[in-house]
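You will see two complexes here that share chain A, one where it goes with chain B and one where it goes with chain C.
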Partner chain A sequence: MNESVSLLAAILFPVLSGAVLLLLKKLNDRRKVLIYAGIAMGIAGVLILNALLGKEKEILLFFLTEDIPIVLKLDNMGKWFLAIMSLIWILAGIFSFPYMKHEGKERRYFGFYLITLGAMAGLGCAGNLVTMYAFFEFLTLASFPLVIHNQSREAVMAGLKYLFYSLFGAYMALFGLFFLCRYTDTISFIPGGTLNMELAKGNESVLLLAACLMIVGFSVKAGMFPLHAWLPTAHPVAPAPASALLSGVIVKAGVLAVIRVIFYEFGADFIRGTWVQYVFMTLSLITVFMGSMLAFRENGLKKRLAYSTVSQLSYILFGIALLNPVALTGSLLHVAGHAVIKCALFLCAGAVIFQTGITTVDGLKGIGKKMPVTIWCFTIVSLGLIGIPPTGGFISKWYLAVGALESGIKGFQYAGPIVLLVSALLTAGYLLPVTIKGFFPGTDFDYGETKKCEAGAAMTIPIVILAALSVLIGMFPNTFIEFISAFTAGLM
Partner chain B sequence: MNEVMLLFIVLFPFAAGVLVSLIPFKNRKAMLIFIETAVIINSIMVWMILLNRPAGTFTMLKFSGNLSVTFHIDGLATVFAGLVSLLWPLATLYSFEYMKHENHEKIFFTFYVITYGVTLGIATSANILSMYFFYELLTLVTTPLVLHTLKREAVLAARTYLYYSIGGAAFAFIGMIFVIIYGSTSDFIYGGVMNIAPHAENTNLLLFIYVLAFMGFGVKAAVCPFCAWLPQAGVAPTPVTALLHAVAVVKSGAFAIMRLTYYSFGTDFLKGTWAQYTVMGVTIFTIVFGCSMAVKERHIKRRLAYSTISNLSYILFGVTIMTPLGLVGALTHLVCHAVMKICSFFCAGAIMYKTEKSYVYELDGLGRKMPMTFGIFTVSALALMGVPGLCGFISKFNLAKAAVESQNTFSYVGIGALLISAILTAIYMMGIVVRAYFPRQDFDQETIADAKDPNWMMLLPLGLFTVAMLALGLYPTPLLELFRNIAMGLF
Partner chain C sequence: MEFLRNFPCFSLILTMCASIVSSGMNGKWARRLNIVVIVAVGLLSSAALYLTVTTNQCYVYKMGRFPAPWGNEIRFGVLETLMALFFSIIMLLSVLGGRKHLFEELDPFKENLYYVLVNLLMSSLLALIYTNDLFTAYVFVEINTISACGLIMIRESGHTLEAATRYMIMSLIGSGLLLFGLCILYGITGHLLMSNIKEQVALLVATDQYHIPLVVAIVFIVVGLAVKSALFPFHSWLPDSYGYSTASSAAILSSLVSKGYIFLLIKVFYRVIGFEIITESKILNVLFVFGLCGMIFGSLSAIKENDIRRMIAFSSVAQIGYIYMGFGLRTEAGIIASVFHIFSHAASKSMLFISAVGLTDVSGKSKKFLDLTGAGYRNVIAGITFTVGALSMVGVPLFPGFISKILFARAGVSVPLNRMLPTLICLAVSTILNTVYFMKTVLRIYTPVKTDYINIKWKENLCCGIVCIFFIILNIALGMYSEPIVELISRGIAMFA
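The block that comes next holds the complex of A and B.
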């Protein structure tokens, strides 16, 4: 199929089908909504796959004004993110079918769920900065109703917090965008950067400020300190599959945007060795440590997982901040690894909530006896997040640590790996108690009361698939590494 | 097209307005048809003139020497007159429905129609005296509209409005005198008319006078600290607040400042002086101040009025960049903001008209009950926030582009202010939208059971504005081309 058609279809179909679902007021029957959503999700998945298999080609849609073209281009970087995003989206979507029964308002949920995919596809396919910015804002707005789904006061406040933080970040990024438009040859994404050095001469300081604001601004979506506070508030209040989507992949939108800004607009060389790089590294390392600590002392299960996302996302950001190919490879692997693992963790939490209503870690005593498959999967992916071989987390952390050591940046060369290790320990400290409490409830536990209450197949199967994937990534990482290194090499 | 027609478009609304009072209409419908026909005829005339522009000028009154009330159409006039003439018929249509539940309709429509002529007078003035003349007149003919309900707060608001406007006009008057004396001519000529060289020792005085005149005209454009009248004037019926206090009156202030800066004093003289920094500082402060107050305010119309204060200063910020691109940005926002704000005001008016609710915290759950109104309100909220694809983004982009291009560090601060204002805009607009669509869990749907969308007279203008917001957001190129030509002095 023609590339322009396939990309447009991948973006527009989910948006339109979601919008139609929202407008079909008469579709009150739960079963019909699910059938509609299922079919739409299937078609959307096929269309995205089709787009992913297409060739890399730049498509000029139209000119917003004569200096702002709207361009779609699915390069390998975009493909990597889009593939991960849509995979997680589909699995969490399948999980939603039974899960949303106890949340209600399925029509609205699936409507926005579909639109969110369109926004993510647009983000992956965006070929220049303004296009990406547009989809970035669109993604925020489309995922907002997912956060406030149950409409409790707490959820609405959390949703607004999410909205305002994200928009604040986006506007910070917009500040930089205005400057980029002036000082670059083109705002299209070109590996190695598009900054026009002759124009930039003499204006370095303001451009660095712009770069810093763009990085920090887009990182808001990825929950980087000091603008991370929305994440642990907003992710847990959403329905579990939506949390999985938010924490697993929507945060990655921020990562993709930061990568685009650094490697495709400013160019790594422009930022390397400047204060911007140091600020970025420092902030991401602080976040890694702080996120883990906060997760460690949090009792609510979903909230603990959200703090964990804060920490893990900054692993990825730190890898980007090092500005070397090895670390970037580690980051991109961790994007995949973390997406799979965090999605699985949230779905496990969701399955537990759905079956038993337990929301705190302390309440999970003996849960392993009731829901063995779920908790086994939880354990496997936990090990992955901690970074124990042969699971996915190990490889990416290895690359991150090697990248840090190779970078030779004074201070961070050692501080980086140390913080990563400490944080890995803390990760073990906050994830393993679930397993331990679940399988070893202690001597005073009454085994007579427990009976099997495993969730249904539609909920368990996505979890098992994700757990298996997390192990597979760890065991056979070479295909991915080859794919990634092929295009990261051209970036620096 | 003959120059005399310039007189026609200004005087015809006067005549029509007076006739509304004098003719004993058989019923309401006849009166409404008369008004709408008059307004539409005038708009058609305006467009006919704009499309075949008369090159010359037309002098209506000649006082003495070079003092005269003269009309002429140039690029800037085209934009303002074109904008006003598109909005007026729609706003009139809207007010037919809205005014149903207010009294003294005849007086209201008399002044509503007359104001149309006066605004066109400001737009088509050829020299600073004519502009001043119509500027004062505008204050006088709009006061009865603010006064309309005759309630205590309306009287107070009208009084404040008068004091501020006439006080401001006094400052503007000083500016005018200096332009007439120091300028080679008092006509508007792109690039400025000031004859500086012989008066080099008075440079600082002239700059001071510029700042005075800026603040004087700025009263209508609601710059801080002279913005208090605008939220108060929100007691007027919504068609007035929407059309006059978001477009015609306040944009006359902005328009006058454009004339003053680019056509009288001239940017070559002002650029880089302390006067530029002063006025730019004032606009930057107002941008942030207006938005912050809007966040705090809970009355919908007053909230939108504060938002107007902030957005007007976007325009003025563009003006104070004092480059051709700055003027392009200012004009873009002049047009885009007009559409966005009139649209959001009309939605607010529709809500107040249908439900009698006027505070933000009373809007729970109305999104479902009034789907069209709130759908359109959401679009206008997103546009005001500057979401790409809608017109707000285009104008913000152009303003910021001009600020970056000017390489003036102080204007970088202005970009920051624009973005802070954008996030505050998100807070005060999305707060309303979210509340309307996602009411609290314990909200009782019964309390709003009979709320519903207004009829076509209100929805048609809203729908057209929505289309305009999308069209300007997705395909602004022809308009920007026009603005660029104006700013190059070509048009």
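The block that comes next holds the complex of A and C.
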């Protein structure tokens, strides 16, 4: 296939097939919807794989205004995110097939699920800030129906909260972008930044303000304090596979956007040592700690996982904020690790809800006897998130801590690793009780009544694959690290 | 090629004659004539646009070849012809989109009257766009007011009569102020032709004569036109007249009538007074402040509203505020952004009005939000069209509203800080507020509910459906290919001076 067409196809096919599914009233039969969605997902996966395997390429679609082109370009950073996003998307999609029986309205769900992939692909392929902004907004709008899927009052309110926080953040970023446009030669993504230093001279304070607005604005999607409140509200109300997608990869859109802003527009050198870096580091560390604390106190299983996302995403943001290659490598590894792990955790929670209807941690007593495979997988990925070798979490946290220590930024050099350690402890505190309650329900537990009720293969297999992946990333990280460090080195 | 320069004059005469002729026809033929005339105006304007773009100059057309003090002039460049073309497109879509409602809401014997008024309105809009003579402009401002009043009250319900009266009073105050301003200007310059006045004004300013009368004249003209185009504190007439009139009227009024006055104001800035003198007088600061207030308060009122049509009407107040804020930036870029916003707002707002009617039709004619629940499923095409319009208003990329916002913000960041900050802050706040009420509505129309209202079939309302599709195409084209249009606008503005 023609090189440039492959990018366009990867974006357009999911969007169009999703739109067709939404518009075709005749596909109201559950079986037909599933067959259609399955085929569409397969083709979309192949198209994205095709785009990923090709060379780095660029297409200019059209000009929005005279100096703002809409450009698609897939570089290695984009490939890394797109690969993770589409992998998780497919696994959560497979899980959805049986799961959505329990929520209903499959046609609408799969329609928007497909469109969401198109938006994510566009985000990964975006070649300049405005293109990325467009897909960023599109992703918010496309994923919104997934949040309000069951249309209870609670879900709708949560959905609105999600919508307004996301749009608000995007608009903050947009205004930063307006300032930025005046001082750059081009808004395309160029490793090392596009800032025109002659124009920027004397206007540093305005530019730093713009940088701060853009970083904080895009981090809203990644749930950074102080605009994190939407995340624990919106993620748990969605159907479990949609929560997995939201918590696993859609939040990463914010991470990608922040990376693009810092390393591809402003340039790391411009931000390094300024108040913006300190604000960014402080906010992310606060979020790491606060998210873990809140997760520790929460009893609802899915909500606990959502708080955990808040905390874990800020690990990634902290790694970015340190502005050194080692920490950035750690961040990018954690993007993959967290995506796999969080998706697995949400799918486990979904399997439990589907089979037993239990939604709280306290209700999980003895669940290990009923659903051993699910809870075993839950345990394995929990260990990964805590950061116990040989799982993926260990490697990324190692890089993050080393990066912090090497950075030599006064205060944060030590505060960072300490907060990370404390938070890891808290992570153990909020994830392991599920395993403990599940396998060791206590002496007064009546084993007589428990029956095995493992979920079906279509639900279990994605969970097992994810759990295996989380371990594999930890055991053979070198391929990934080599791939990442090859392009992170050029960013600073 | 030379022949093409007669076309603007032709289109003016054509619309006026059509309105006279259709007063003697029955409704059916008047309707057909009206459509033919609007299409013809569109074709004539596009030919004239082609002429001005290819030769890259503007033309002065002397009526009857009489020279200045006696004769009357038409002057057209790129911007004028572009505007006329765009206005005729919107007019055509609005009239066709609300056709079904005209049958239902109008007395059958009065149907031809409606088309008389539409033709008259079109001719007055064209005259406002093309004329180079201030007094002619005044005359057509009055014709415009009267025909707009007729369009509002032709439905003859209590609400519309009241709304039309309010509109009449406010509009006449505006015209009165405009007339005062023109009289003073005539008194101190001795001319009515725009180009002559400009020379004289420049002379007066250079010799520092009649300073106060000149300022007073400017203030009267600007305030008069601002009242007529519903700038913030003078907007009280707007929600009723847009909210209760028939669908076509609401679309025409919101997207064309107020824009005609704004276009006249731009002409006054550039061709009568001179842009430098206008920027030095403090009047633009006043417009700036009121524009900003309009952006915020219009949206706040829209949030409180429980009637979809009135909500869209209040959103117009906010959008008019954007346009005046662009003037208030006092730069060329600001004016270009404002002119583009005239286009984008006209395209989106008329679309919203037409699709909102499609939604209320399937909800038992109720305009209340509660009854609109799930209307997007009952009338699919209207629902999609409304969503597109809402996204454009909110400023989602690839729709025209986003381009306007980009242009405003980029104009905003290049002015000094005391203007930049209010501009950007108000843009941000108003964007958020827009999101609140438009997304609320979209969510409402897509919330499934069990009702007794019947779903509308595609074939039952073919005309409206096709119009909706054209509206969507127009909007997306404006949003995605704004570059040539912005370029034409800036060329047109350059020709103005």
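Assorted remarks:
Heads up, the rule we're going with is that the second predicted complex is superposed on the first by the 492 of 492 C-alpha atoms of A that agree within 3 Å, B and C clash if a C-alpha of one lies under 4 Å from a C-alpha of the other, contacts with A are read in each partner's own complex, and residues count from 1 in each chain.
Just so it is clear, a contact is a pair of C-beta atoms (placed from the backbone, for glycine too) under 8 Å apart; a residue touches a chain by one contact, two chains touch by 3 or more.
As the structure is a computational prediction, the values presented were derived from the model and not from experiment.
Three-chain overlay on chain A, with chain B and chain C in a clash.
Contact with both chain B and chain C is seen for A:E137 once the two complexes are overlaid on the shared chain. Once the two complexes are laid over each other on the shared chain, residue contacts for A:S152 go to chain B alone; chain C is not touched.
Between chain B and chain C, the partner in contact with more residues of chain A is B. Using the contact criterion defined above for the overlaid structures, shared-chain residue A:A253 touches neither chain B nor chain C, since it reaches no partner. Contact with both chain B and chain C is seen for A:F175 once the two complexes are overlaid on the shared chain. In the superposed model, A:L160 makes contact with both chain B and chain C. When both complexes are aligned on chain A by C-alpha atoms, chain A residues 62-66, 68, 130, 133-134, 137-138, 141, 148, 151, 156, 160, 163-164, 167-168, 171-172, 174-175, 178-179, 181-182 touch chain B in the first and chain C in the second. Touching chain C in their complex are the following residues of chain A: 62-66, 68, 130, 133-134, 137-138, 141, 148, 151, 156, 160, 163-164, 167-168, 171-172, 174-175, 178-179, 181-182. Against chain A, the residues of chain C that register as touching in their complex are 391, 394, 396-398, 403, 406-407, 409-410, 412-414, 424, 427-428, 431-432, 435-436, 439-440, 443, 447-448, 480-483, 486-487. Chain B contributes residues 382, 385-389, 394, 397-398, 400-401, 403-405, 407, 412, 415-416, 419-420, 422-423, 426-427, 430-431, 434, 438-441, 474-477, 480 to its touches with chain A in the complex. Listing the residues of chain A that touch chain B in their complex gives 62-68, 130, 133-134, 137-138, 141, 145, 148, 150-153, 156, 159-160, 163-164, 167-168, 171-172, 174-175, 178-179, 181-182, 203, 206.
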